[in-house]
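Quick heads-up: structures coming right below.
The following pair of complexes shares a single chain, chain A, combined with chain B in the former and chain C in the latter.
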Partner chain A sequence: MNSIRYKLSGVTCSVLQAANFRPAYIQCRLYSGPTSFPDFFKNPIFRKEEQAKLIEINELSKLAISPVKPPGVSETSSVYYDPLVNKLINHVMKMGKKQLARELVEKAFENVKRIQIERYHLASSAEAKAKIILNPKDILHQAIENCRPLLQLLPIKRGGIVYQVPAPITEKRSLFLAIKWLLDATNDKERTIHFPQQFAWELLDAANNTGKVVKRKQDLHRQCEANRAYAHYRWQ
Partner chain B sequence: MKMYLNSSKMLLLTRIALKHAFPKTGLSSYFTKKSTFRIQNVYMYSSKASSSTENVYNNFTDWETLSRKKKVSKAMKAYLERAKEHDEFMKRQQFEFNIGKRHLANMMGEDPETFTQKDVDRAIEYLFPSGIYDPAARPLMKPPEEVFPARKAAEFDEAGRPHHFLFYTGKPNFFKLLYDAAENIQLLHKYEDKVIRKKETPDPNASLDLNASVWLTKDQLEQMLVEAINDLEYDNFKLVMDRLVSLPYSYRCKEFIEKYRKTLSTQRFALEIPKPSYDENGCAFVTTYECLRKKARGDVTIKCPGSGKITINGQDLTYFEDTQSREQVIFPLIFTGMENKVDVVANIEGGGPSGQSGAIRWGIAWGLRSFVDKSMLEAMQVAGLLTRDHRRRERKKPGQPGARKKPTWKKR
Partner chain C sequence: MRLNPVLFTAPSSKNARRPQREPVPFQMLLPLRLKKTVSGKGDKVKEAACMQEMAVMFACFKKAEFDQQQCLKEVSSFQSCYKDYNERAKLQREQGRKGILVPGEKNLTHRQLNQLLKSFPPKV
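Then we have the complex of A and B:
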């Protein structure tokens, strides 16, 4: 058996040298299984309102042929699901403790709801009552919208001096900054006050277009306005 | 090389069989006859001009210069030698493979005439059970043309002049492909201009549907072209083909485009509707086994006329303590609107709450296929509920703190 093996390997060696030998289905794989989906998997469309749009333009059955990634562990088609809340929970999360982060955010929403209901009952006229938003998720959306900056300052080095140059900001970055500033303002609290309480106050302030975060946004805008003379450094 | 050694056991069998089947002399004469025939062929080809002896113009022909043997270039000579060697090698491999296959069929007690490659793979798996983790390293017996990649034929004639007009690019087949694609793009532009000049409207029905296929991967393209290409060239290929596809009349080059696309067959069974079974009360039920996600595995049974009762390992939905897992379990039920129409019984073990709830989610979605209509099935597919999540935790690598994380860089 050994002799045959040697002979065989000898033959293959000669062929190797002759033909730049590369086996047809050699695979270079480091892991036992893939740890992600290939590129051609499409992102799932699992929310009912988005699917309704697809059905309207008759795209659904066409899309059904192609492979689709499964939705993530925190995504559902339930009416209570909100992508922005999901994003917020992920920002609040530390060291992968998602359950705790979710509890904190939900507790903050409860506090918002309590404060708003109190205000609702204290309001004297029907008009004043109608103005009060009771849904904490609406308040969150409103707060984030009010905190979003429209411009950003980029440090650009020209002639050995770093200039703070105003530049337009992407949607994604402005959302990130809004959430980050909200959480920064919340964590800047006394030790006796808990996160849900402080976060509820910050949300209500921001939704009302007042408070630390909105001030921070306005400061940034003011700085951008002051540095408008440097704007041309973006392309020069 | 590694692959080849793996199959050496099988080749041993083939050798034994070969000795029994044919006397050695007969075999060798068979090969020599074949190879000389081939060389003759080549020779005839090279001296084609001098072969027409019965010609009327015989007298006018300057036989002296013509009969002088055409000079065969060194490259051609070397190529012919290599080709001969390779041909012989492949023939021998093919022969041994066939004998081995027959022998294998006899060992498995099956008919050698109808023994297919599928049977061969099954037999190898049975005779050489392997615990090697990577399937690519297990013993195998494949036809030699699969094990040894195709090689290019001579790209030049005896005088050393190349046949292909792009020979001197070094990668003629690849650049021919780009050239063809660019030519098609130009033709489509011209056609579009013509249509616009005629003031016709494009046919809305004739369009290219590329949802179910992807471009060939780099390896597949290399195998098809029999040329090694680098990443940049592969990107260029994708770029030019995407440009071609984006044109409004790209369906006119359908054949050309589809040659370089591979259809995806991952979703073969997802859109099929299996028949449910019935218990003694006439109640329809479907059981899905092997519901996997991360380290969790289990089975899920769905009973059709039901009241929305969910049982997980004997408990109700409170088996999961966190809200997220509970939401995941009821996701497919809410999505299809079947939350009060079916009962769910799940047995699940292994893994944590996230994996277990994911496995149950897939099991419920897979079982619900029998109880929903076609349009809902498509909606579930687009929502990704029918895709099995085969991802696993990636292993930690030696020399670094995590799967991908690298140690902090220190200059010294």
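Then we have the complex of A and C:
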């Protein structure tokens, strides 16, 4: 019953809320963010591979008796599901217009595919053809991997002077910066060039380990190297 | 004739501002024994992690003109070092927060120390 209730549309949800029909702890997906459910609600396991892993270690029976949050609309067990693409779409999204964001990203993927297929057919030898990545999602993964910074500069105050101190960076923050830099580089374009076109070029450049974003990463690393004398100011 | 005001304002021998005279008598303001707990103030200072690995990586970067592809070994060692450090710190924080005592642990947090002092109170 509960699982059905979670999947109700927003309208029904608000109607139910108004009628005080739901128990107090059940929230609608209208409320975004991790706080809309109490702590004891488990995160949903919606991928078949992860469920198989849980079955192997006999954890699924434990999970089955505890309340579970409903998965998001984009969290599916489809073969096309890719958490990185989801994340990217959410970064592209403005004012909650997810459908538009998804269309833009998919159009960019189409552009990448077109450019790569053109290169594939122009390539003369079989070896050169084998080297060209045709899957745009692979290109995205490669691009983001190449854009991830290894270090960050933290402002730390010592003796009245703020030093920019190089420090290691967490996985999560480096992913955030990579996506943000890619989008920054994309939005820095002529008005007549549209987002999908520019984003496709940026992705291909970054996947090739060249371009604005990779240069930005290297500039950060250079600055970290120049400030390495301050590294001992970081007492974690 | 005006008298010098210094003569009147200088602390007399009964004034609290008089200069101290040796030997200074000892007054016991607090009982002369240690508290049964320790405060957590000293726990704040920690070492900067992975300095060695960072220095090695910087040296490689400088040699390779900041091309990451040529320094894969250094980069992976730096990242694994930071990952290890984070995991260790997280474990220590959790155990310290709960005050769980790990046998053989050398660096105890103040909560762990308090736990130990509570279970084996010092004799007065």
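Rule of thumb we're sticking to: the second predicted complex is superposed on the first by the 200 of 236 C-alpha atoms of A that agree within 3 Å, B and C clash if a C-alpha of one lies under 4 Å from a C-alpha of the other, contacts with A are read in each partner's own complex, and residues count from 1 in each chain.
One rule holds in what follows: contacts are C-beta pairs under 8 Å (C-beta built on N, C-alpha and C of every residue); 3 or more make two chains touch, one makes a residue touch a chain.
Only a predicted model underlies this, so the values are computations on that prediction, with no experimental measurement involved.
*Asks:* By the touch definition at the top of the document, which applies to A:N90: first (chain B), second (chain C), both, or neither?
*Replies:* neither
*Asks:* One more residue to check, A:H232. First (chain B), second (chain C), both or neither?
*Replies:* Only chain C; A:H232 stays clear of chain B.
*Asks:* By residue count, which of the two partners contacts chain A more extensively, chain B or chain C?
*Replies:* So, of the two partners, B touches more residues of chain A.
*Asks:* In the overlaid three-chain picture, which partner chain does A:N208 touch, first (chain B) or second (chain C), both, or neither?
*Replies:* Touch status of A:N208: no partner.
*Asks:* Once the structures are superposed on A, label A:N135 by its partner contacts, choosing first (chain B), second (chain C), both or neither.
*Replies:* After superposition on chain A, A:N135 lies in contact with neither partner.
*Asks:* Touching A:N187 in the superposition: chain B (first), chain C (second), both, neither?
*Replies:* A:N187 contacts neither chain B nor chain C.
*Asks:* Between chain B and chain C, whom does A:R222 touch in the aligned arrangement: first, second, both, or neither?
*Replies:* After superposing on A, A:R222 lies in contact with chain C but is clear of chain B.
*Asks:* May I ask you to decide whether A:S74 touches chain B, chain C, both, or neither, giving the answer as first, second, both or neither?
*Replies:* In the superposed model, A:S74 contacts chain B only, not chain C.
*Asks:* Overlap the chain B and chain C contact sets on chain A and report the shared residues.
*Replies:* After superposing on chain A, no chain A residue contacts both chain B and chain C.
*Asks:* Give the list of chain B residues in touch with chain A in this complex.
*Replies:* Touching chain A from chain B are residues 1, 3-5, 8, 11-12, 15, 82, 85-86, 89, 133-134, 136, 146-149, 151, 209, 211-212, 214, 223, 264, 266-267, 271, 322-324, 327-328, 330-331, 334-335, 354, 357-358, 362, 375, 377-379, 381-385, 387-395, 403.
*Asks:* Report the residues of chain A in contact with chain B in the complex, numbered from low to high.
*Replies:* Residue list for chain A touching chain B: 1, 4-5, 8-9, 11-12, 14-16, 18-19, 21-27, 29, 31-37, 39-41, 44-46, 48, 51, 54, 60-71, 73-74, 76-78, 81, 98-99, 102.
*Asks:* Tell me, which parts of chain A touch chain C in their complex?
*Replies:* Interface residues on the chain A side: 146, 150-151, 166, 168, 170, 209, 218, 221-222, 224-225, 228, 231-232, 234-236.
*Asks:* Which residues, counting only chain C, touch chain A once they are in their complex?
*Replies:* 45-51, 54-55, 57-58, 61-62, 66, 68-69, 75, 78-79, 82, 86, 89
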